[in-house]
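Below, chain A partners chain B and then partners chain C, in two separate complexes.
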Partner chain A sequence: MVTAPRLPELQESLDKALRDAQGSVRRRGRAPQFVRTAAPPRTERMAVDQDWSSVYPTAAAFKAASVPLPIRMGYPVKRGVPPPKEGNLELIKIPNFLHLTPPAIKKHCAALKDFCTEWPSALDSDEKCEQHFPIEIETVDYVSSGTSIRNPKARVVTLRIKLSNLNLDDHAKKKLIKLVGERYCRETDVLTITTDRCPLRRQNYDYGMHLLTVLYHESWKTEKWESEKTEEDMEEYIWENSRSQKNALDTLLRIKASENVRNVTKEELLASEVVKNYRNSVTALKNEGETESNMSQYKESVKKLLNIQA
Partner chain B sequence: MAAGWLWRRLCQGSAFPVSYASRIMQKQYLLPSSNLMGARLAGSHGDTQEPKTNPLVSISDEPETLYKRLSILVKGHDKAVLDSYEYFAVLAAKELGISIEKVDKPPKTIERFTVLKSVHIYKKHRVQYEMRTHYMCLELKYLTGSTAAVYLEYVQRNLPEGVAMEVKKTKIEKIPEHIQKPVWDTLPQVEETEIKS
Partner chain C sequence: MAAAARALRVLPCALHVPSATRQLHTTPACLKTRAARVRAGKGDKMVTYEQAHPPHYIGHRKGWLSLHTGNLCGEAGAAQRALEDAFVRRFLYGTFPGLLADEVVLKRRGNLLVVCALLGRALPPHKLYFLQGYAETLLGHLYKCPVRLELQTVPARVPYKYL
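Up next is the complex of A and B:
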């Protein structure tokens, strides 16, 4: 660029003007006409009885200019107070529930109420639910934030049913309990089947129902080898045809023989009161375990059986 | 959150899209009591008595599933957030008419681990981090399938960031027909000689 040669007076006035401008810039730091003044925050124009759900209709970050509350958050300065809400990162980071104030929740629920149905009033207690709907199916859903919404634990299905609600006879119930093993709880009479071998929840539920069906029908069947059930396999103690019965009868027969009473048959002995008492006490001891009442009952029955007045 | 558009529409008065929920009419209950009949008819009565029925509610024929218990466990790192969420969930349940069995606050678990402070050597100088997880368990009783779907969707859409939820549903069902009686009674007698050893 070629500049025209200037006259010395013009040059001087130009230099002076430039120096003045630079000097003024240096003094004030910034030209005032380029600074934007911030508008007053919206909170100043908010009425006290405004509709808050229109200010925060959905979940949104905390905006200090939209929330008319004097909130302070953060670690306080030395001998001071926590920082104010303007530009406060702590307030922006934490999830806020400004969109879920009680009036907003009530409005939402009022709109949602149409889609809800009522629980049948006849099923007001757990026992009635149990009586009419015996099977309980437990499934778990998982909600979390992450790279994937799937959770492999969600496919597990647990089926619970009380055996007293199933149509089973004595043999079928004992066979079913033997078939399921650990899945049956004796105290609560509940059979629990947990399935997770299939990849989908629906498949696991179908498999659980299939297992229940198979167990039920198989337990009603009587196989040929079931007649070989020995005394060790029995679930509860049965006094008939046991060693205790044989011993008691032998003892009584010998007592009667020594007293030279006419030959008493086994059926008469079995039908007598003392033998029945003895039978009940021994069965109770073996099935229920040793308790105070059981032991005293056994003692009384033995005394009556052997005619001891001790 | 992605729920923005949904709730804006809600506030404008128009409710949910049709695909979101449908009110399912309860049928096929073998309960002989009259209360149930009353409840079933009351539902349909309510619709006809009100002058305007919600056009987005559609009643389908399939039987309603029944949930005996709904157990919601919420896990988070911040107790204050969980407390606010508990207030919201409890109020929402009350407004929708769901009976709350109990609100439990199990104690927090702290998972701590120690790592070396420096990239290379300096074994004696370590730094310890910990992750605190607070829990809140909400147990609801006696919900129908549609009520449970509505409540769970509402509560899950408003789940705050960084909070996880596990919902344990206990559904009650009747014994299916094929388990009512053993099938061997109805099968024709099979000849023993057919079975080859």
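Up next is the complex of A and C:
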């Protein structure tokens, strides 16, 4: 926008115009017309191998006089062409990436390299990462345009940990799973705690860690009322002291009684091969559900138990 | 006599009850079919690309004059940005009187407000630089955010067609 040194002919015509204007002061109602000339656009003086990152070093609006490309944009008039780039508002409206050409990005990376540190060489596999850092914390940052950086969604904190990394015995693990309910995923053995009840992210993180600590310590304690655990509360099926065991033993004792075999005790029956087979197949059916192999195994064990051929 | 008076009272008659009037609710005239449309004339009226296309072409043949995240799903601040936009446009219309060749384009990049304006060449460059600095400083202090003015000059308003 700086006026360049004017060409001699132009300077002459301008001087003449000024002299005419000064001379015609008597002519009222005709203001002197001063034609302002502008420098030719920068594109005419650009070399083909120039450094483009110095023309567009940062994100900037499209400037028709700085971009040496014959771009047209807009809906054409009837039997016409799209409007040219000079004074084209559509080209200014859209975001452009003229500042992010590959050579420019290379320069950015080279400048950022000094601020980067190497990944620690001891953590070269996922298992090692999990072994040293079992707890995963997930937080989300939100970017928007405007004068305020606050976003209420940014306070949510998610904590993830595998229960195999915690020091829990059988009772503690079962109690912990009962305490957390839906937050535990059986397939992946991952406990997920999501906290958002505090206004700040730091507070939610502290609350999440506090919850984990409390759960761990509470699951190791055994309360007095836990001895009242009934069969409905059990997480998995246990054959000992169940109705299935009682029925099987009853049936076998009656078979033995009808065959007049004496002195067959419960322990002998329980230790026998057929009863063990029956126990395994019933436990498998109840815990894993009904599959082809489970059902056929159950069928075989019942046939052996009751001594039925075919 | 008392019985007759009681009977008269029970008969229906036209009484003026203030709450039982009929109301008509009207809105101010919106003239939606005439908004932002330049009416066809004799063929001597010059219109720019922006003026020639009515609002239903936004998104199809026209872009948006103001870009910010306030109108995205789940984002806040749309109303504040709209108010800021309206003020900035009026402010620039007054700061560069008679010089604006086309609408002002506003872009927001995080906190930064980028104002892109197309001006005519009636003023000498040193005056344009002064007005640019004045507008940037004043808007920056008013909105407490960095404001950048990107000015371009064109010799005259760019015609698209003549209506």
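Simple rule for what comes next: the second predicted complex is superposed on the first by the 265 of 310 C-alpha atoms of A that agree within 3 Å, B and C clash if a C-alpha of one lies under 4 Å from a C-alpha of the other, contacts with A are read in each partner's own complex, and residues count from 1 in each chain.
As a convention for this text, a contact is a pair of C-beta atoms (placed from the backbone, for glycine too) under 8 Å apart; a residue touches a chain by one contact, two chains touch by 3 or more.
Bear in mind the structure is a predicted one, so any value in this text is a computation, not a measurement.
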| Taking the superposition as given, does A:256 touch the first partner, chain B, the second, chain C, both, or neither? | neither
| request: Would you check which partner chain A:121 touches, where first means chain B only, second means chain C only, and both and neither mean what they say? | output: first
| said: According to the stated criteria, A:107 is in contact with first (chain B), second (chain C), both, or neither; which is it? | reply: first
| Of the two partner chains, chain B (first) and chain C (second), which one does A:134 touch, if any: first, second, both, or neither? | first
| query | Looking at the overlay, does A:95 come into contact with chain B only (first), chain C only (second), both, or neither? | reply | both
| query | Looking at the overlay, what does A:59 touch: chain B (first), chain C (second), both, or neither? | reply | both
| Which partner does A:144 contact after superposing on A: first (chain B), second (chain C), both, neither? | both
| said: Between chain C and chain B, which one touches more residues of chain A when both complexes sit on the common chain A? | reply: B
| field | chain B and chain C footprints on chain A, overlapping residues | value | 59, 94-95, 143-145
| remark: Seen from chain A, its contact residues with chain B in the complex are 53-54, 57-59, 94-95, 97, 99-100, 102, 105-124, 126, 129, 132-145, 161, 165-167, 172, 209, 212-213, 216-217, 220-221
| field | Contacting residues of chain B [partner chain A, same complex] | value | 1, 3-4, 7-8, 10-11, 15-16, 21-26, 29-31, 33, 35-36, 38-39, 42-43, 54, 56-57, 64, 66, 68, 78, 80-81, 84-85, 88, 91-92, 95-97, 142-147, 150-152, 154, 156, 158-176, 178-184
| message | Taking the touch rule as given, give the residues of chain A at its contact with chain C in the complex, in rising order. | response | 1-3, 36, 38, 59-61, 63-65, 74-75, 77, 83, 86-90, 92-95, 143-149, 151, 153
| query | Where on chain C is chain A touching in the complex? | reply | 48-50, 53, 57, 61-65, 67-70, 74-77, 80-81, 101-103, 105, 107-111, 114, 116, 118, 121-122, 124-125, 128, 143-145, 150-155, 157-158, 160-161
